[in-house]
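Dropping the structure in here first, questions after.
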Amino acid sequence: MTNILLTGFEPFDQDTVNPSWEVARALADWTLEVDGVSARVHARQLPCVFGQASEVLRQAMQELQPQLVVCLGLAGTRSDITPERVAINVDDARIPDNAGAQPIDQSVVADGPVAYWSTLPIKAIARDLRTAGIPVSVSNTAGSFVCNHVFYALMHALAGQGLAARGGFVHLPLLPQQAARIPGAPSMALSTQVEGIQVLLRTALTVRDDVQETAGKLH
Amino acid sequence: MTNILLTGFEPFDQDTVNPSWEVARALADWTLEVDGVSARVHARQLPCVFGQASEVLRQAMQELQPQLVVCLGLAGTRSDITPERVAINVDDARIPDNAGAQPIDQSVVADGPVAYWSTLPIKAIARDLRTAGIPVSVSNTAGSFVCNHVFYALMHALAGQGLAARGGFVHLPLLPQQAARIPGAPSMALSTQVEGIQVLLRTALTVRDDVQETAGKLH
Amino acid sequence: MTNILLTGFEPFDQDTVNPSWEVARALADWTLEVDGVSARVHARQLPCVFGQASEVLRQAMQELQPQLVVCLGLAGTRSDITPERVAINVDDARIPDNAGAQPIDQSVVADGPVAYWSTLPIKAIARDLRTAGIPVSVSNTAGSFVCNHVFYALMHALAGQGLAARGGFVHLPLLPQQAARIPGAPSMALSTQVEGIQVLLRTALTVRDDVQETAGKLH
Amino acid sequence: MTNILLTGFEPFDQDTVNPSWEVARALADWTLEVDGVSARVHARQLPCVFGQASEVLRQAMQELQPQLVVCLGLAGTRSDITPERVAINVDDARIPDNAGAQPIDQSVVADGPVAYWSTLPIKAIARDLRTAGIPVSVSNTAGSFVCNHVFYALMHALAGQGLAARGGFVHLPLLPQQAARIPGAPSMALSTQVEGIQVLLRTALTVRDDVQETAGKLH
């Protein structure tokens, strides 16, 4: 049995719901068969708090010893599902987190490297979601708030373990009921988001070497 | 029995699907009860062709004598469902229609008035979709392509009949499978679109005098 | 001597400057020669107040008997200069005007027609600004705030006079110093805006019959 | 005498002009006085070609031994001047460069670190441009095309030298004459761009320790 750790955040900034947790929750205990081996999703909620979020993540990783870790977060202005390419070693908060902290230009990990690559096959993921009819694009920035914080902490932990476990971060759009209160905001139905993450998890377990397919951005 | 005429367009401009027709088709023969009276949806497909589109619409109106006519169209850059406020008497085509015609600054109806208001209760519709958690906003322009052409022809026909029938035009976003091929394009799941139009039809049959609620745009 | 009336608005909604007035002021007393006849710009500031704005406009028209009236306004989310195609007979204010009034779905002119076309040669204007290297596009909606209110009042006044005077409304982008306080907002330098309106005025005085050139919008 | 190296790119992708080179050229030989010491700008044009661009940059650095290196590039969808925070070690080209090369997921520098921080005081730069009324924001991604390639090569070279020289990359918007051919595209006048880079260079020479001011992005 392969363990998959799938995390989502609690709501933040006046919201009452967070699609990242709704998707993770919807996929709790979902099992998929890959090459004759069963893999099971373990869903965990992270607080939207610098420090605490990565601590809860580390505890879940220790407990579950997952072969695959995918952390989900909300990107409220994006229209599509965006696997992130790179995590950077900085906390720079435009608004306070759920505990009221607002760090500016602090390291996620003191003396850590500037950045880590995602170890998910992000190009194959983009290809497979597109084939499934689900809007997707590779992103080159996870921002500098709690999402990037968790992403960096995840990759730092995986790099330190020297394990074969794969991990990465994926941003999700708003849910329609959230966008209904924000004029012009794009959104994606929960069912589409859940289907997209199902495709993503299967690809992440299946594709060893990422495909050579451009997802480059000019800027 | 109340007749509702709900139209959608055939695909255009290299697309193989058009959400406006998918929604209309999904609601064909749907019946709803309003104040003890049954209302039934009749779905018709319109060609994406200047002139022909309004002709097919007029024939369907003559055949069905509907109390309510809602024409649906695709607005590929919008994130939400947008009931239109006003139809203008101009065809100005940025690209050719499905018959290859590309009129520039021609009247929809020679000697017709500059514009017609929608007679749908667009503010109540916006309020009710928002309450249902579906992204929506009132739009002040239906463009100058076949969508506006059909909208103007519809309102001209209704005005000429002096009937109590209500009518208007509603733009819909792309479907996710369409947006998957267009980087960054917003979309809305078919199920959300269908639910939105169900709410809209009920409101259009129920609310006599539109609510006083701003949906104004600064520009 | 030909009189040109060029209006701009006072600042509104917490701003201290309004590009529409800065441009009008910069062109006050500018004269241009067209076909051997001199034309002089008369600049007037309009209050950003429903009713008052159109009253000040009417007084200036009576005083100056202009052959050309161009009213300028701010469209804070647009990147380019946008000559407007059509004015609609509705005041629907998303925010209060500078006198605190916030009309919802009221007529600009009771019993007036639904809409008026601009009588500026908007296609030739778009062509000539583009040739001059200035971003421009024809817009199909002037919104439903004081800008559209003044636009409708202008066209109603011109239609009532049965004069040969031409008129229309043009939206301008933010100035850079305004955009500097709004993350991601587009802007245009005052010098570019002024040059654009100079080109526009010359075209409006020169081109009798508008060119056949598409500026259509799909939606 | 302090040497400042300011680079811009040749035009690419069907353009005939590139604002990054227009700005660098306009500031060639510009001198400014900082703390009683003169600093002079040396402008160099880089080819929009992977490999060659960083090679030309390295030669200019060797020749000039600059204390400050600022590389400029075009970000055609942005409205403001964007000092970049981080360079990543990947070439992933969505379109071919000017030599026809289109690398996918290749390292800029084999065995180089994942990323380098800009050593410009990007927060102080953002503060000072904003004060000067020039639209600006800190960016967390320089993309994965030749701009990021040059940025990474620059920071790698500076890190290897162990010198006190500072360096970084700044993206610029389109010029108005470019945007005039792209419907809806934002732009910034050359004079505003030049003034912005003048402010930036002065700040980069003056501010030793960057200010603590959030420029964080949620995602």
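Annotations for the structure displayed:
Labels A, B, C and D are assigned to the chains in the order they are written; within every chain, residues are numbered from 1.
Everything below uses one rule, namely that a residue touches a chain if its C-beta (ideal position, glycine included) is under 8 Å from a C-beta of that chain, and two chains touch if they have at least 3 such contacts.
According to UniProt, the chain labels map to these proteins: A, B, C, D = Pyrrolidone-carboxylate peptidase.
All of these numbers come straight from a predicted model, not from anything done at the bench.
Homomeric contact chain B/chain C: same residue numbering on both sides for over half of the interface positions.
Should one ask which of A-D and A-B has more C-beta pairs in contact, the pair is A-D. The pair from B-C, A-D or A-B that reproduces the interface of C-D, where over half of the contact pairs by residue number are the same, turns out to be A-B.
Between the CA-based centres of chain A and chain B the separation comes to 38 Å, rounded to the whole angstrom.
The distance from the centre of chain A to the centre of chain D, with each centre set as the mean of the Cα atoms, comes to 30 Å. Multi-chain contact residues, meaning those touching two or more other chains, do not occur anywhere in chain C.
Here the chains touching each other pair up as A-B, A-D, B-C, C-D. Those residues of chain C that touch chain B in the complex are listed here as 73-78, 85-86, 88, 90-95, 102, 104-105, 113-117, 123, 140-145, 147-148, 171, 210, 212-219.
By the touch criterion given at the top, residues 79-80, 129-130, 132-137, 176-177, 179-181, 183-189, 191-192 of chain B touch chain A in their complex.
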